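In the two assemblies presented below, chain A is common to both, partnered first by chain B and then by chain C.
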Partner chain A sequence: MQPLLHIQNLSKTFGNERVLADVNLHLAQHKVLSLLGSSGSGKTTLLKIIAGLEQPSSGEIFLNETEISQQPPQNRNIVYLYQEALLFPHFNVYENIAFGLRLKKQSNQAIKEKVQQMLHYLDIEKHAEKMPNQLSGGQKQRVSFGRAMVVEPKLLLLDEPFGALDSNTRQKMQSLFIKLVEQLKISALFVTHDLKEAIIMGDSIGKIQKGKLIQYESKQAFFEDETSGVKNEVDFWKGIK
Partner chain B sequence: MRKKVLQYLFMLSIGFPLAFLLLLSLGRRWSFPSVFPQELSFVNWELLHQSDDRLFQTFFLSMAISLVVSLMVTSLAFVVSKEIAYSKYRNTFLFLAYIPYLLSPVILAVIFQYFFIISNLTGTFLGVVIAQFLIAFPFGVLIYVNFWNKQIKELENLSYTLGGNRWQTFRKVLLPLSKNAIVLCFFQVFLISWFEYGLTNLIGVGKIKTLTVSVFNFINEANIFYAALASCLLVIPPMMLLYINKRFIFIKR
Partner chain C sequence: MGLRFNNKMNNSKLFKGLFLAIVVLPVASGLVYAFLFSLGIIGVLNKGFHWDVWQTVLFDKPFWVSFGYSLYVALLSVAISLSVALTIALSWQKKLQKGLLSNVIYLPLCFPATVMAFFSFQLLAKSGLLSRIGYQLGFIKEINDFPVLIKDAYGMGIIFTSVLLITPFFIILFSNLYQSEKIASYVNLAKTLGASNRQILQKVMVPILLKRASITIYLFVIFVMGSYEVPLLLGRQNPQMISVAVLQKIQRFNLYDMPQGYAMSMLYVLLIMLILLIIYIKNSNLFKTQNS
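Up next, the complex of A and B:
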């Protein structure tokens, strides 16, 4: 079966600095790939290139077997979510979620049905009329998810989406995301620097380090890799006992 | 008590010059040692009703020049400031944008004048508009440049990934978010253009007389009542802008 996303020999340089070096990646339909990487490893650049917000220096990106690296972002149907919720401050919750549907000029009735359904999925129906500055961090992130998922993107790119949340809200959002992935059959690349989060969120795991990407065949292969950091983590918790 | 006195003094400092201008515009004769004009009438103001009145035409000419300059600067500076703000040479461009303010508009006019003469632009509406545009444009860029920050860029990119084209992103995201910056730029540039004297006088060479130029001419002619009348007309648009600004725009924030 052909993967939904297939990246071949992708490289990116800024001036003399090589940020990504011959990256190869594949993602199956309705699966989530967690990408682990520290700050400056090139993971955000990789997501931006996939979204069309940056141009690669070389390499190819295939989405459903179509080469998309020259397509503008608005034609890719790939939504990129930032660490911050980035809600449009001049729209209320309802209009923020409806934003992408209005761009596609869908009928008001269709928009109403889809937005109501998304508000229900996200359990924020009672906040529909609120403005972004009236929401908590977790609520903002829910709206941001809803706004992205309501347009039914082929691929969702999440760049440390829970990085700015407290640990309690972060756990709730992780559970919500897993539930939505199953319900809405989402395909996603989930970037994080948190080992535990990468394991919880992804069906498979990749690691990006100094612009080079290693994609593990299975989670087991990741656990067994000495350099993955899993063994150190396990030893640490065992040591506490 | 002290606070109230200071408040009244502040109001008086603003209100007195305006009230005195209005009084002078109604005056006919004013000789020493009278504190106020000896004769007050609406004769000066009634002249404005005549459609061929010079001052009346000057008012609308000034309004046309200021509106055209403001609209040109507000729209063009919006586009150019974005390119500058996200450019890797941002600081160099901003340094260059400050240069017109190191030189006074009159000095700039002297520099421009040769080129305006050989291109037959001196003494024309277009010439004055271009000259005022050249001094106000960097100011417009400076007003906008801080609007283009990282968050605006990310909101713009988000709109693209959600399927928005350039026009949709401009209309639904950038325009609403930049509304205050646009209004501020328009008002500021309008005021620069409206009160501009030296450059307008040099490039207009007496053929294009704006209201500000006329006020100076009346003062030079010692026609104090007409100068006051022209000054009254001169303060009406800025006061209206201030009212619109306060009543309809910033009050919503």
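Up next, the complex of A and C:
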């Protein structure tokens, strides 16, 4: 079966600095790949290149077997989500979610149906009329998800989406995201620097370090890799009595 | 802990007292003085309490013409300034953040309104620079062919000068908001959601910037409405902007007009406060800071 996303020998340099070096990656349809990496490892640059917000220095990106590296972001149907919810401050929750549908000039009836369904999925129906400044951090992130998923993107790119949330809200959002992935058959690249989150969220795991990407064949392979950090984590928790 | 609480309370009372003494008291005193003067209760030439002045101000045309004219000049000036400032701030975003332009943009702020008004006079008068250039290039044959732009009925000179004065403020404001409001991130997000460049401008950049700057925009409308030097130098006797009309009643020619000047200034303040109150009732969030 052909992967949804296939990246071949992708590199990116800024001036003399090589941020990504011969990155190869594949992601199957309706699967989530967790990408682990510390700050400055190049993971955000990789997502931006896939979204079309940055141009690669070399390499190819295939989405459903179509080479897309020269396509503008508007034509890729890949949505990139930041760590911050970035809700449009001049729109209420309903209009924020409807944003992408209105751009596509869908009928009001179709927009209403889709937005209300999304509000229901996200359990934020009662907040539909609220403005962004009336929402909590978790609620904002839910709206941000809804706005991205309602346009039915081929691929969702999430750049540490729960990084700014407290641990309790973060856990709730992780559960919600896993539920939505199953319900809506989402394919996603989920970037995080949190080991536990990477394991929880991803069907498979990749690690990006100094611009080089290692994609593990299975979660087991990741656990067994000495450099993955899993063994250290396990030893740490075992050491606490 | 109790001591710290008491100190905090005392500090809070002290600041409130200082605020009342420095800000509220002088303004309130001025308003009370103006109100009493307009009612004939105080003032050397006044002969006792009466409503005549208020009746004249409220029911005769001059005040309302001046108020409407001031509002027209302010709205048009701010609208033109916003268009120019948005165009410049969004087109030259990077240049406004660093390099020569990032410093040069502050220069127009050094010009006092009077100097800017004289500059506009030199430029736009019938015998001014533009007229002379037009004559030399053959666009006009004589001085009267040049349109009336100074002391004209539509306040073109006043609007031109106001635009020159306030546009740099808006450019700096929008340029800073572009950074602080992370407009670049919103733009990227909108792109991935499928927005064209035009849609990004119309549905994302301009609305966010205008929303964040809205309270400043309202204040600038009030600022231009109440401006004095520019309309005094470049405006006509009729219609007059409100500050010129009020000052003419209070300080010039006929001393018996003073109560009318005070009544006009009171009514103007009340109307502005009423407009602000309506805006506040319709959108109280507008007056809140980011963290409140």
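Note that in this section the second predicted complex is superposed on the first by the 241 of 241 C-alpha atoms of A that agree within 3 Å, B and C clash if a C-alpha of one lies under 4 Å from a C-alpha of the other, contacts with A are read in each partner's own complex, and residues count from 1 in each chain.
Methods note: a contact is a pair of C-beta atoms (placed from the backbone, for glycine too) under 8 Å apart; a residue touches a chain by one contact, two chains touch by 3 or more.
In this text the structure is predicted, and so the values were computed from the model without any measurement.
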{"item": "Chain C versus chain B on the shared chain A, clash or fit after superposition", "value": "clash"}
{"item": "First (chain B), second (chain C), both or neither touched by A:V79", "value": "both"}
{"item": "Touched partner set for A:P89, first chain B, second chain C, both or neither", "value": "both"}
{"item": "First (chain B), second (chain C), both or neither touched by A:A164", "value": "neither"}
{"item": "First, second, both or neither for A:A221, with chain B first and chain C second", "value": "neither"}
{"item": "Which of chain B and chain C A:N133 touches, first, second, both or neither", "value": "second"}
{"item": "Chain B collision site on chain C, chosen from 1-9, 19-27, 37-45 or 55-63, when both complexes are overlaid on chain A", "value": "19-27"}
{"item": "Shared chain A contacts, counted only where both chain B and chain C touch the same residue", "value": "51-53, 72-74, 76-80, 82, 84, 86, 88-90, 99-100, 103-104, 147-148, 151"}
{"item": "Chain A-touching residues of chain C, taken from the complex the two chains share", "value": "182, 185-186, 188-196, 199, 203-204, 207-208, 211-212, 285"}
{"item": "Complex contact set, residues of chain B against chain A", "value": "151, 154-155, 157-165, 168, 172-173, 176-177"}
{"item": "Sites on chain A touched by chain B in the complex", "value": "51-53, 72-74, 76-80, 82, 84, 86, 88-90, 99-100, 102-104, 147-148, 151"}
{"item": "Residue ranges of chain A in contact with chain C within the complex", "value": "48, 51-53, 72-74, 76-82, 84, 86, 88-90, 99-100, 103-104, 131, 133, 147-148, 151, 157"}
